[in-house]
Amino acid sequence: MYLAEVKLSNIVKKQYSYKLKSYSSGFTSLIFIQMIAILFSFNGSSMMGGGSETFSYDVKYFTGSMILVFTMLWAFIVGILITTKAYRNDDYSFVTNQAASQYSNILFLLSACAFAGVTAFLSTHLFQLIAVFVLKDHSFMMQQLTVGEMLKGLCASYLYIFLLASIGYFAGMLIQFNRAFVFILPVVIFGLLILEGVVTGESTMLFKTGIFFGDETSFVLFAIKVIGVSSLFYAAASFLLRQMEVKA
Amino acid sequence: MLLNLNSLTPIYIQIADWLENEILNASINVDEKIYSQYQLAEMFNINPATAAKGLNILADEQVLYKKRGLGMFVSSGAREIILEKRKNQKLSGMVKELAMEAVQLNVGEDELVTLIKDMHRKIKEDMK
Amino acid sequence: MNVVSCQGVMKRYGRGNALRNLSFTLAENSITGLIGRNGAGKTTLLSIIAGLQKQTSGEVRVFSENPFNNLKVSANTIFIHGNMTFPAAMTLSELLQTAGSFYHNWNNQLAERLLEYFSLDPSQNHNNLSKGMKSTFNMIVGLAARCPLTIFDEPTSGMDAGVRKDFYRALLKDYIASPRTIILSSHLLNEVEDILEDILLIKEGEKCLHMTVEDMKEYAIGISGPAAAVESWIAEREIIHQQTAGVNGTYAVVRNVFSEEGLERARLQGLEMTPVSADSLCMYLTSKTKGGIDHVFS
Amino acid sequence: MIIVTFLIPIILIAGIMSVVMLLFKSGQRRGFNLGGKMKWILGGYTVILLIAAMLSAVILPAKLTSGKTYSTEQIEQIQDEETRVFDEAMNGKYDPGQTAFNKKKSWSLPFSERTLTVSAPSISVFVEHTDHSKDGSIEAVYYTGKFIIERIDVTDKSNPIELSLAGSDLSVNNPIPTEVNMGLFQAGFAFSQFSDGTGGMSFDSEATFGLGFVYLKVPAGVEVKGDVTYVN
């Protein structure tokens, strides 16, 4: 009897390309979400006005943040969804083991987030193009970025999106591990936020978590933070995955 | 031929019987290669192991002989062995059943012999 | 060489035991039928062999390795089962192509010809298939993969009679063309018994019988006749099944340990001896009581 | 109150989540038969976005209000310079070579009276006497400092003052009020986080309205009355 010898890396590669094909419909939701985000962006994120007797002005800020935040949410949900049984079991219709599933999932998320990051960036331009034609009475100005800032920003967007995907993946795995986490997770998170708000008068927990990443002005440190935290989530997810079986 | 899968006779016996018939009616001659277990399995839609069992019965009875790596072939005395076996086993078995049935039906010895003689004559005439 | 070997395998789900102390070995290049009633633990056993689940205790070896989470076992095993899922976004031909990239021995020509024979449109999505067509497609994948260990768990559910017949024929022909170790689970033995070599019968997670189909056909004998005569005849024998037949009649199934002469004498006493088909034997062996459903009403 | 502020993002997130899940799942499990078309949809989307990005790179610069941007330090410098020039002028010393204020509009008015009465309720007027050769006309120039909103120079948007001469009365009136609607495209937070100066999540919302003044060149013999400051 001849037995095929397989290498993990080889199977990971095959699982990865299989996932790219099979999850492709998930990208329709990305298109949809980015369209919605473009609509929301028209609202302008903040408005301020003022002036003297003879000169008054009204400034609306149109940022790409809305599109980025929506895309991050999308990544979060995709992270959760690929841990669900239906998707997890698709792997086992062909050759795999837990390690191959896990690595190919991470690879898939890495590439899906790259696509999401690039389209989010491009969507911002689409929005600006539409805005100058729709809001004719406005004079538009643009915050000018150097090429370096642009590249850093693009990478940072990607890291933000990937961070959310990693969190989603871990949360999803937790839910798969025990269904009760569907209720426990939101209750604990929002419960803590509200409790903190009631006890101390202000809710800074989420904000503090935000500034851990958001206030980091060194790009290298930011990248290290994101990669480190994501790796932690994947390690935890893989620990959970090891406890699970596939039900035929 | 179709196998009678619901018959009381095991499938491998039916296979062996069928092969014997093939030898008797000279479809396969002495020193010719007989069907392999896989050919039989395909022909009758049965597991090759079952087919092999049928072949092995004939090999044990020396109707067939094995050539290493080539398969099974019909022995020179195959016909005689088969005929002898059928006479001994099949015929005497059938006669036994016939006699038992005759006893149950209260058919006398002479009457039974006459019945057999008539039937024998009739079949012989039909075959001509 | 043994492809599969199980030693004292137990699987616990919550409080119940799906498998208890199961030990057997499967030889290379054979077709084994895994027979048992619904809930006997067939799927659990196959999942463990395929490496999808882990036994609670005992030892399982597939290709001399522990199958759970084992890439080598996964690459050389294909497990076709009812809960098998394929991504809806992919067409059948894409799925076949993907399967081909995963399985070393994949026979694409066979897959495509079977697809055509069973009138499955290659550009269709797996999702839009009916239950029977899904089973047919899964079966095609299982055959074309030509894995050294091929496992089919209730492969014909939802298929119509014609397709079932074709499937078993295709399985046999491809087995002959490319011998491998096949496990075929079913609760309908008579449908598959011709192509099987061995039967592994399990009941409530335990091994009941493991022998060749031909041996199984001679394993037991049915005796029918007047109740008193049958009763006296089967006294102190291993009774597998017993039921009333007609007026004052009894039909009993016992282990076939009689000599020719013994049977002869029984016949003379007016008892009728009949062989018991493998299918019926399995049914009797796996029923809860010796009297079957009648037991409930007595 | 806290609960209400939490509720809005929660509802929003829940809404988005359900939409994505619905689309994702319907694509996966039901007959939302995208399959091979997916490639085209995704490819098409990417192409549309790429074209949009290229168009915006071509069209936007023309559509944008061309304005100079200043850094915070530059704005401070500009303000300091304006104050310095203005203060010096108030003290009677105007530097004609100054660059802090720009000429916005100038007038040349025929004038033959001996006295000029200037009424300027809300703007400073500096007066310089020229020699007799320039008799018969008054030169008036409106200078304005920089209007800076969001570090962007919008001086061009402001209107000049109204100036009218009737007999010997020169009245300086406020400009027609200007109303500017501005849209400011900011890169997302991921971009501003690593760009210099501004921090990731804070806004820099400062507006500077430059001072303005009228500079009059009056022939030597003319007496100027009103709230004016003589220079040089």
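Each chain gets a letter, A, B, C and D, in the order it is written, and its residues are counted from 1.
In the analysis below, contacts are C-beta pairs under 8 Å (C-beta built on N, C-alpha and C of every residue); 3 or more make two chains touch, one makes a residue touch a chain.
Since this is a predicted model, take the numbers as computed values, not measurements.
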| item | value |
| --- | --- |
| Selected interface, A-C versus A-D, where C-beta contact pairs are more numerous | A-D |
| Chain separated most widely from chain C, comparing mean CA positions | D |
| Approximate Å spacing (C-alpha centroids) for the pair chain C, chain D | 83 |
| Inter-chain centre distance, chain A versus chain B - centres from mean C-alpha coordinates, in Å | 76 |
| Separation of mean Cα positions, chain D and chain A [Å, integer] | 37 |
| Whole-Å gap separating chain A and chain C, where each centre is the average of the chain's CA atoms | 47 |
| In chain C, residues with contacts to at least two other chains | 87-90, 94 |
| Multi-chain contact sites of chain D, meaning residues that touch two or more partners | 27-29, 32, 34, 38 |
| Sites on chain B at which at least two other chains make contact | none |
| Of all residues in chain A, those that touch chain C in their complex | 1-6, 8, 11, 14, 17-18, 21-25, 86, 89-90, 92-100, 245-248 |
| Partner chain A, residues of chain C touching it in the complex | 1, 3, 28-29, 43, 46-47, 50-54, 63, 69-72, 74-76, 79, 81-90, 94, 98-99, 101-105, 148, 153, 180-181 |
| Contact set on chain C toward chain B in their complex | 30-31, 168-169, 172-173, 175-176, 194-197, 212-214, 217-218, 267-268, 274-275, 277 |
| Of all residues in chain B, those that touch chain C in their complex | 5-6, 8, 10-12, 38, 41-42, 45-50, 53, 100 |
| In the complex with chain D, residue positions of chain A that touch it | 23-29, 31-33, 36, 44, 46, 48, 50-65, 67-68, 70, 73-74, 77-78, 81, 86-87, 119, 122-126, 128-129, 131-132, 135, 137-146, 149-150, 152-154, 156-157, 160, 190, 193-194, 197-198, 203, 210-211, 214-217, 219, 222 |
